Structure formats: C-alpha cells, structure tokens
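Labels run A, B, C, D and E following the written order; every chain starts at residue 1.
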Amino acid sequence: MTKKQSKLEANNLDAYYGDFQALKNINIAMEEKAVTAFIGPSGCGKSTFLRTLNRMNDYIDGFRIQGQILLDGRDIYATDVRVDELRKEVGMVFQKPNPFPKTIYENVVYGLKIQGIKDKKILQEACEKSLQQAALWNEVKDKLDKSALALSGGQQQRLCIARALAIQPSVILMDEPASALDPISTAKIEELIHELKKNYTIVIVTHNMQQAGRVSDHTAFFYMGELVEYAKTKTMFTSPSDTRTQNYITGRFG
Amino acid sequence: MTKKQSKLEANNLDAYYGDFQALKNINIAMEEKAVTAFIGPSGCGKSTFLRTLNRMNDYIDGFRIQGQILLDGRDIYATDVRVDELRKEVGMVFQKPNPFPKTIYENVVYGLKIQGIKDKKILQEACEKSLQQAALWNEVKDKLDKSALALSGGQQQRLCIARALAIQPSVILMDEPASALDPISTAKIEELIHELKKNYTIVIVTHNMQQAGRVSDHTAFFYMGELVEYAKTKTMFTSPSDTRTQNYITGRFG
Amino acid sequence: SCGGNTEEGGSDMSGSISIDGSSTVYPVTEAVAEEYRAEAPDVKVTVGVSGTGGGMKKFSRGEIDIVNASRSINDSEAQTAKENGISYVQLSVAYDGLTVVVHPSNDWVKDITVAELKKMWEPEAQGTITRWNQIRPEWPDKEIHLYGAGVESGTYDYFTEAIVGKSHSSRGDYTASEDDNVLVQGVSTDPLALGFFGYAYYEENKGKLKAIPVDNGAGPVLPSLETVKDGSYAPLSRALFLYVSSKAVARPEVVDFINFYLENAGELAQEVGYIALPDNVYNEQKQKFEQFATGAATANQ
Amino acid sequence: MRVQEKIIEGLLWLSAAITILVTASIIWVLLSESIQFFSEVSIVRFLTEKEWTPLFADKKFGIMPLVAGTFLTTAIAIAVALPIGLTIAIYLNEYAHARFKTIIKPLLEVLATIPTVVYGFFALTVVTPFLQSFIPGLAGFNALSAGIVMGVMIIPMISSLSEDAISAVPRSLREAAYGMGSTRLQTAFGVMVPAASSGILVSVILAISRAVGETMIVAIAAGQQPRLTLNPLVPIETITTYIVQVSMGDVPHGSLEYRTIFAAGMTLFVFTFLLNNLSFWIKKKYQEKYD
Amino acid sequence: MTNSEKNRLKDKAFQVFGIFCTFIGLVVLAIFLIDIVIEGVGRIDWDFMTSLPSRRAARAGILTAWAGTLWILVLSALIAFPLGIAAGIYLEEYAKKTKLSDFLEINIANLAGVPSIIYGLLGLELFVRFMHLGPVLLVGALTLSLLILPIVIVTTREAIKAVPRTIRDGSFALGASKWQTVWNQVLPASFGGILTGVILALSRAVGEAAPLIVIGALAYVPFVPKSPMDEFTVLPIQIFNWTSRPQAAFLTNAAAAIIVLLLITFLLNGIAVYLRHRQQKKIKW
C-alpha cells in the first residue's frame, strides 16, 4: 500500500491511558472515499483508536500515544499541526446523538461560526446544503429556528452528521452512530453512509456485525487492543483468517 | 390443590405500581419443602411477585395489590398481620449479596438481636448453626469478628443466606441469588439450595434456565405480568404447553 | 439611586462633616444633626459611636472633624493632636448625671454609697466581689451581674475617676459596652443586674429601670434635673463636650453646623434627656468658638 | 488565536489563584497581628489564664472565657440541632412519602437562609422573654436562648446533609434489614445510620464549625461578658462577640487592644480550620465506600 | 408485651417523634415570621421606606439602609460573579488533576467554612488599614465578595459538571478550541445553574452584618450613598442597631426592617429556586 492510495494510516501505533496500554502496535491504512468498519468486543480499543484519528483524546489526562498517524501522508501528531484545523478536516459523529441545546440552524452552522464566518448568506447556504446531504432538509426546513432537542433521536443523529458535513471535512469518523437508534432510523443512517462515501472517507465503529457487513468496504477486527485482522468486508465475513475473528463473528463471544 | 398441601398461595393477585399493572391475576400454590422457580424475560414481574410474598413492596410509594396471598392458609395482607413477624417467617436473599457493613458474626445474629435476644450463648450457637447450614462455617469460623465486606462475593451471598436462616424462617425467597456470582460460587449456592429444601420451602427467581432445571421441583413462567405456565420443572422443560413458554426456553427471546 | 428629602429653603451649604466619639453625647449630636438636615440638606453629617476614647484617637489623628466627648481630652490625646498639627476647641453642650441603675424587681437596694460602688468596681474586685451580700451583708446571697461603659467610653473614665479614684481603672469582669443601649437592655432584663450610664438613657427607659440614689456622705441623692444642675448629685454629675478641629473650621459647613449646634443644644439636650446649660453659657461657647474659628483661619493662611 | 487562548487560560487561572491569595491574606493578616500580640503577651498566659480583661486595668489575657462562651453556645446549638436534624433526616428517609420529602426539604432549608441578625432579634425579643417566664434566674443576655436559636438555624444543615448521606446508602442494605423483619426504626438505627455515619459526621462537624463562627446571634443575645462558666443562664461572651464588641468601639490601629481581636480571630480561625479540614478529610476518605 | 410488640411501639413512637421534629422546625419558623410580621408590618409605609434615620423611632426610616444594601448587592455581584465563574471554569475545564488542583480544591472548601467575621478582619486590615480606603461601600462589597467567592465557585463547578461530556466532544470535533467550547457551549448550557448559585450567594451577602461591623460601617448615615467611595449602612446593621435599643418603638422599627430584609432574601431565594426548577425542566440531556 502506498501513501497515495490511503487517506488515513497508522504506523506502529501504541496508545496508553496512564499505565494501561489500550492499543498495541496498530498498523492500518484506510482507503479514500470508502467505508472502513471497526468491529470487536467491548473494550477492545475501537473507540480509542477512532478518537486518536482526530486527536479527540488530547484532553484526556494521562492519555498518550507512540507511533504515527498520517492523514494524506502528514503526521497529525506533528508539533506544527493545529488541532482545530485537523478537526475541520476530520469530522466526527458520536454514539449518542449530541446536538447542542440550541436551534437546528445554530447547530449546523456552529462549526462555521467558530471559524469566524459571519456572512448570513454563506451560513444559510451551508446550512441548507449540509442538511440536504444529511437527508434531513425536508424534515426540518420549516423549523430551523426550533430547538434541536425537540427532534427525534434519529433526526438528531442526522443533524449531528449535517453539522459535521457543514465544515466540509474529507474524513468522517463515526462511533457506533446508530446504536442508540430504532431500526428505521438505523436504516436511514446506513443509507446515508452509503450516499456519503461518494465524497467522504468514512470510518465507522460498530458492534453490529450485520451493519458492518451492510455498510463497509473494509473491516478491521480489534481484540484486546490489537488489530487482529483487516480485510475486505466480504472476505472477512466469509473466510476470516484468524480463529478469534471467526469466533467473534459467529457469536461465540462479545 | 387443597390448602393443606400448599405452603404459599396466591389467589387472583393483581399488583400495581401507580397506574402500571405489574401483575395480572396470578393464581399459584407453592408446595411445602420444595423449590419453586420463577422464570421469564426481564420486566415480566418475577421480582414483583416474589416481593409481594413477604410484603417487601410495602414501602414503595404507589405500590398496591388486589387479591390474596396465603401463607399456611392465612392472608398475609390481612390487617392483623404484623409485617415484621411475617418477614421472620419468610426470609429473603437478594440478587446482589448485601451483607451489612459489620462483622460476620453481627451479620448472622442481626435478626435475632433485633428480636431482643441478648443472651450471648444463644446468639453464638445460632450463629454457628446458621453458618453451618449455609456451608460457610468452615471458611469463616476463625474470622467471625472480621468485616463481612472482606469476604468474596460467593461467600457474602452464603453469609446472606446464613443470616436469613438464623431467624428460622419456614420459607426462603431468593431473587436471582447467583446471578452476580462466578460459576464455582454458583455451584455452591445451588448445592446449598438442594440441601436446604429438606427443611425449608424455597422460592427462587432466576433468569438462567439451566439453573431452574437443576434446582427446582416446580417452575412458573411469567410473561408481561401474567403467569403463563406453572408445572413440574421436568414437564415444563420437556413439554411446555404454551408456545410463549416454548419460545422462551428455547432462547428465541428474553 | 435616589436623593434624600430635599426641603426648600435653608442654607445652600454642601460638603460633609464627620463626627464620632461619645455615646453619651450621641443623642444630642444625633438630634442636632437631624434638625440640621432641614437647615442644610446637602451637608452630609455622619455620627459614629466609638466612645469618647475611640473618637479622641480618631480626632487626634485628624480622621474626623468633631468629636463628641463625655470627658475632657487627656494628655496623651492632646499630645497626639499636637504632633499631627491639630489644635482644637472644647465646647460644653449639656450636663449629665451618670445614673446607677438596677432591675425594677430589685427590692433590696434602696441606696448605695460611693464606697460601696468603689468596692464593687475597683480592679481588686475582679473575680472576688461576685455576690450582692459581699457589698452589704443584708443584701441577698445572690450573684451580682455588672453592666457598665466600655473602656473607650468617656463615661468609663469619668466613672472610674469619680468612684474608684483613678481614671481608667476598674475590674474587667463585667458586661462592657460602648453602646449604652446594650447596657439598658442588659440591666432591664436581668434581675441581678447593676449598671451605670448617662442620664438620658435612664430618662428614656424609666419604666424598665430603677435608679439608685447615691450617697456621697451627705445622704442618698437621686439624679434629676435639679440635683444635677445644682451639683448636689455628686460625684457623678458632669458636663458633656464637643471638640472641633482647627482643620475642620476652615470649611464653612462645619462653622455653620457648630453655630447651629450651639443655638439648639439647650432645647435638644433637654428633649433627649439631658440637662441644658444656662443660656449665658451657650453664648460664651459661641464666642469661644468664633474666636477659635477666626484664629484658626489666620493660622491656616 | 492560540495566544488568545493562552491569555484567557491565564486569566482564568489567575481567578482561581485568587482564592489562594485570599487564604494567604487571611493567614497573613491574622498571623502578623497575632505575632505582635504574642510578643507582648506570652502564649502560655493566653492559653492558661482564666480571665479575659485585656482592656482593663488588671489586664488578663486568658482566652479560655471566650472559648468557654463559644463552646457553651455551640454545645447548646448542637444539642438542639443534632437530635432534631438527625431525626428529620431519618424520618424523611425511612418514613415519609417521597413527595412529602421533596416539599419539606426546601422548606426546612429556608431556616438556613434567614439572616442571622434576624435570629438575634428573635432570640432577644421572643425566646429570652419566653424562657424567662419559667426560668426565673435567666438573665436578659444568656447563652441559652442564643444557643437554642442558633440550633434552630443549623437544623437544616444537619438534616439535609445527613439525609443526603442516608439516601446514598445502597437500597440493598435497607432491603436486607427489612427482609430480616426489622422495623423501620431498627433499619434506621441498626443499618442506615451506621452505614451513613461518615456523612452524618461530616454534617455535624460542619454544623459545629458554623456555630463556632456564628456572630450576630450571640452578639445580640448572649451578652458581652467574658466568663469562664458553663452556666447557660448568665451573660457570657464568645470569641466572635468580642471581635464585634471591640470593632464597635473602634479601637485604634496598632494598639494592644486592637491586636487582641486578631489573636481572638486567630483562635477562631484555627478551630474552624481544623473542623473544616477534618470534615473534608472524612468526606474524601469515606466518599467512595459505596459507588 | 412481647419484644416484637415493643419494637413496633418504638417504631410508632419514633414516627410520631419524627413528624414532631420535622414540624417543630417549621413551626418555629412560622411563629417567628408571624411574630415579626405582627410586630412590624404596621410600621411599613412609604415614609418608612423613604425616610432617613432619626432619633425618633416614629420618624426613622430605612432609606439609607436599603439603598446601601442594594449598592452592596450590585457591587458584590459585579466583583464576585466574574471572579467566581472564571475560577470555577478554570477548575472544572482547564485544571489538570495535579497536586496543585487538589490543593485549590481543599483551599476553596476551607474558605467556604471560614467564619464571616474573619473576612471582616481581613477587610479591615487589607482594605481599610493597608489600602487606606476607609469604611466605604467599595470595601464592604469587596469584603463580602471574598466571603461569597467560594460559594460562587462551588456552584459554578457543579453547574458546569452537569453539562454532559458529549456536548464538549461535539464542539471539539467541529474544530472549536477549548475556550470557544466553554464560551459557546458549556457556559450557555450551565448558565441557569451558575446564576442560581450566584443569587444564593448574594442572598447570603445581603444578610451579613458582622464583617461590615468589623470593617467599621456606621449605623447613622443620613444620606444615600452616591458612589462606591461613600460611607454606608445596610439593613442588617440598621436592624442590629435598632434591636440593641431598649425602647419598644425601635424594636417595632427593627421588625419592620426585618420584614423588608426577609422580603429581599426570600425574593432572591425564590428567583434561584425558580431558575433551578426551570433549568431542570428545560434541559433533559
């Protein structure tokens, strides 16, 4: 794998919470404009790894990494990298929908506003565009000034995706984005992911094997802080090479 | 079934938490010196029913029942029944071991002390006897004055059983007594139940079908507040008469 | 915020005057200040109650303009004032009879001699004289609870001087307060109490207190307008003073205030329960002040 | 941008650091004046003499009478507040309906929001005359009514904090006790109170600390006479009242009299500091007992 | 009587005692309020509110006292509010778990327990003597601000703590800096809680008399302060002064002034309770 093909890459990555090593020598390269899924039992380090990709763990006391993470070939932990710039490039969506307790409009344009953009027109256009991309525009266009907390869980999650899209990242990280949602909302989100991967590189953590199977191009199986297996999703689900992977995807544990 | 044979009996029992009906028209008669198991999916009302048998729900705001519960043929909700006397007759063991933060000895004799028994000799004898019945004596006899919290989970649970035995009840209610324990401790508790049923009437709630199969003589299957099926354990597990029972014990839901 | 009740007329003086010191004189000065408000609404007069000693210390450091005093300035205070370049004038404003009081239910004390007062108040009494019958054997064997002026009070100095024989020297184990109201409260609610304070405070609370005639050898005498005025209430009759600082008289509002004070002191002193000086004495005080003011004015130039 | 962030963080840090400055200033102010005080008056005299007459001819510098006065009013206050407060906490927890509790708790807390001068007024004008109607020897200023009123004031401190502590005891323990046939009373005193003892202790210590430092009630109603006595019926003086008394007289800066209030303040500070730290330590140590 | 009957009897007895204790607090409170209202309410009228102090009880008013109280309220808010909130933000959002932050925490807990009169000594020495400001409004407000600072900090921290982690994560993930996150998300979301705490703290400040007496605030101030450098009095001091006068008419005045003071305190507390209630209703994370 050359750097050109891969959007995101981890080289010999170790991660620690204080003395506890949460990730052990991770090596992985994720393809541009594709969906990569992370699976594995609870506590195996999926979220930890995902959050190192946009340095969300920076504020956790005692967290540190060794090794490299490259975005478009540049080490995102290099001293000259600005975290805020990085996060504009690498957006994130969380497990529980976390809209800000503000209006829908304010939620979507938040990322732009904090960049200092004040022009009403630009903001409104960006808002509409992002909501459309997130397949939410039709549902909320008449109540942009209503509180985002009044939306349903599924709508809130799509709003969070719209919010992430508004700042035009190239990568979107999603940590179990549908696990708190009902089946119908889940389906909508999966559909949306399918749509988004045309323009974005997507990394998604899921504990739902079926979901990984449905939405992802590649799947990485983590186990106790290690990356056990990384392959095309189809390959992984039909002929896993490691017995731990096999046990996991056949439901023997996890 | 006549009243003579059955130790505990519920007739047309409804139970409500405020407006919510948690038990619907339960009719059941439990045999003396036998083990009756309650099974059913989470939230079906097993614990609620178990706790009405020694009026543990009395202090819950808004809880009320309709119908009758008879212990040895006497309505335990009759106005002249004293709750504390009833609870001495009907002991209880909980899901999570809940020893008092006192010494082992103090835990076991607590029930006697609150009855006003002060004679050291009586207390000590009762303590030894109960701990022996609970198969814990050998493990703790040298550290009766140590804190009960220092025991392992399994030991704590047996201590709770010893504590219940010390007041010489005739019935012991157990709400998932082994669900918080490791396999070895669980085995010990099951063995103990087997031993105890020689002298006590035991009612046990469990979500573990195998356990119900191993320890109980009769099994009652609850579903959404209803008693769906009640039969000899063997019969129930081999040829359930209701499809919901069948679905449940074959693992289709729950 | 809103302004006070500005009445039309009066003077157009403005500025502020700070007064502090004696709690005994306080009622008079308070009354004058209040009446003066109608005269010159824009002059802010503040009156503190720190006791004569407390006031004198501030006065001699130049922190306040006028000090209320229930005794004359003492040497060390005069010295400090001098060091700070402050000269002053002493103006008499009223007479007071220091009154010895007990609880109204007290039926055993009919009168008291100066010697007995000394016996209970002198420093040697501290911790030893604690019961009524130690003072006069026929009095009951009950605890005695003493209430008196605090050490910053002119009243304290005057009382110790007159009774104990040495200024600023007394026992310390009694309820001492610079605020005579507290003493009134204490004595009027404590059947075993004995206390002393300025006549005005007794006059104002007659119903709750019982004044005791003091026997200075010539038989027991109760304080009253007459006995104080004619000096037969001895040794506890005294004059009350104001001291005005030379720095302050440079300000017209201070001069105006003092003149107003001396004009109205007689009437107001009587109103609050003290004994007015004869009219000619007030006139003398006015002249005295005028001389001082002009003197200070030339000195200031 | 980054500079701005740093500046803001610096400003925020400064604000937090001011609290240390405040503590340091308090200690500095108290120490610098008390050290001068103790250079004139030996600390042995301060601690052992039985009289406090620093303003008088026969100067005695024994802090004991003031400490005794403080102790007396505090003890009376706690004697009132502890049984009532604890009983309320237990009653609300074991007996009362949840709805009743949510109404009563804030109502009781109103008691703690009333300014203390108001309590002083109440002690002097209502409680003392009331007590005098059946305690003939009671002086107008006395430790008893000040202490009682102070006790009323701190009831909610004890009841609320203790109730919180008892509520934090896991349900399973209460159920275990009931399951053995305990009455509610037996459950409360046999299981809940012992299990919540550290929290209850913290509430009591904080209440003591509050009572020790209380000023206006005692200044208005307890008297101004330092007296080494445990008799609650006569005027006494607390440390706080002494400070108020001298402040009212405006004793000039730099005199020994002036320094006495700092020596007294230092004593008060040491007491409350020890109590507060003790409660903080107990809280930290036993907080995580049940997660 | 069997043991178990005895136990039941004790149980019942305690229940009765519990009700008794719960209500005795409230009954005392009621007696107390009623007594004060009966004594003082007749005295409250427009004149009482707008008159200057006077030697005659019937003519005396509380204009200067409540004006001073209002001044103190506003000034203390202006000083303690930004300081306390900033410190709270620092401790909750920025401070790493270090020895220093532990120390800060213990220190603040300690400050909260320092008796108010000690703050008076601090104000006396620091502001009145050392800085030569005199017993003016500003000094009173500074002293009381320091007194309520720990309360403001603690409640700010609690309010901030109640803002879920996920909101901060959401903001960070969109490229917001720490301060942007605090300013745009954390503070608005916790503002109600912070305000509640600040108002409660202010209601404490409004009722304080002891520290102000120690710094030398006067009882007789016959003018309404016009600037922070003016001398002042406040309601609690006026009440203290009147309470210590033996004449019944002044006690009536004191009771009337108490009613006004209590109204102010209860009003502040009421606002705080209302805000807290609304906050709890509005935001369900």
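Quick notes on this one:
Here, contacts are C-beta pairs under 8 Å (C-beta built on N, C-alpha and C of every residue); 3 or more make two chains touch, one makes a residue touch a chain.
Treat the numbers as computed from the prediction; the structure is a model and nothing was measured.
Listing every chain that touches chain D and chain E alike gives B, C. Touch-path distance (fewest steps) from chain A to chain E is 1. When the interfaces B-E and C-E are ranked by how many C-beta pairs touch across them, C-E comes first. The most distant chain from chain B, with centres taken as the mean of CA atoms, is C. Note: centroid distance chain B to chain D, computed from Cα atoms, is 48 Å. Here the spacing of chain B and chain C, counted between their Cα centres, is 84 Å. Residue positions 7-8, 177-178, 244 of chain E each touch two or more of the other chains. Shown for chain B are the residues that touch two or more other chains, namely 84-85, 114-115. The residues of chain C that reach two or more other chains are 48-49, 179, 182, 185, 188, listed in rising order. Under the contact rule stated at the top, the pairs of chains that touch are A-E, B-D, B-E, C-D, C-E, D-E. Residues of chain D that touch chain C in their complex: 51-60, 124, 128, 132, 136-137, 139-141, 223-227, 234-235, 245, 248-252, 257. Touching chain E in their complex are the following residues of chain B: 82, 84-85, 114-116.
On the chain D side of its complex with chain B, the touching residues are 97-99, 170, 172-173, 175-184, 186, 190-191, 194-195, 289.
Across the complex, chain D is touched by residues 54, 56, 59, 61, 83-88, 91-94, 96, 98-102, 110-111, 114-115, 160, 163-164, 167 of chain B. Listing the residues of chain E that touch chain D in their complex gives 7-8, 10-11, 14-15, 17-19, 21-22, 24-26, 28-29, 31-32, 35-36, 82-84, 86-87, 89-91, 94-95, 103-104, 106-122, 124-126, 129, 146, 149-150, 153, 177-179, 200, 203-204, 206-210, 213-214, 216, 236, 239-240, 243-244, 251, 254-255, 258, 261-262, 265-266, 269, 273.
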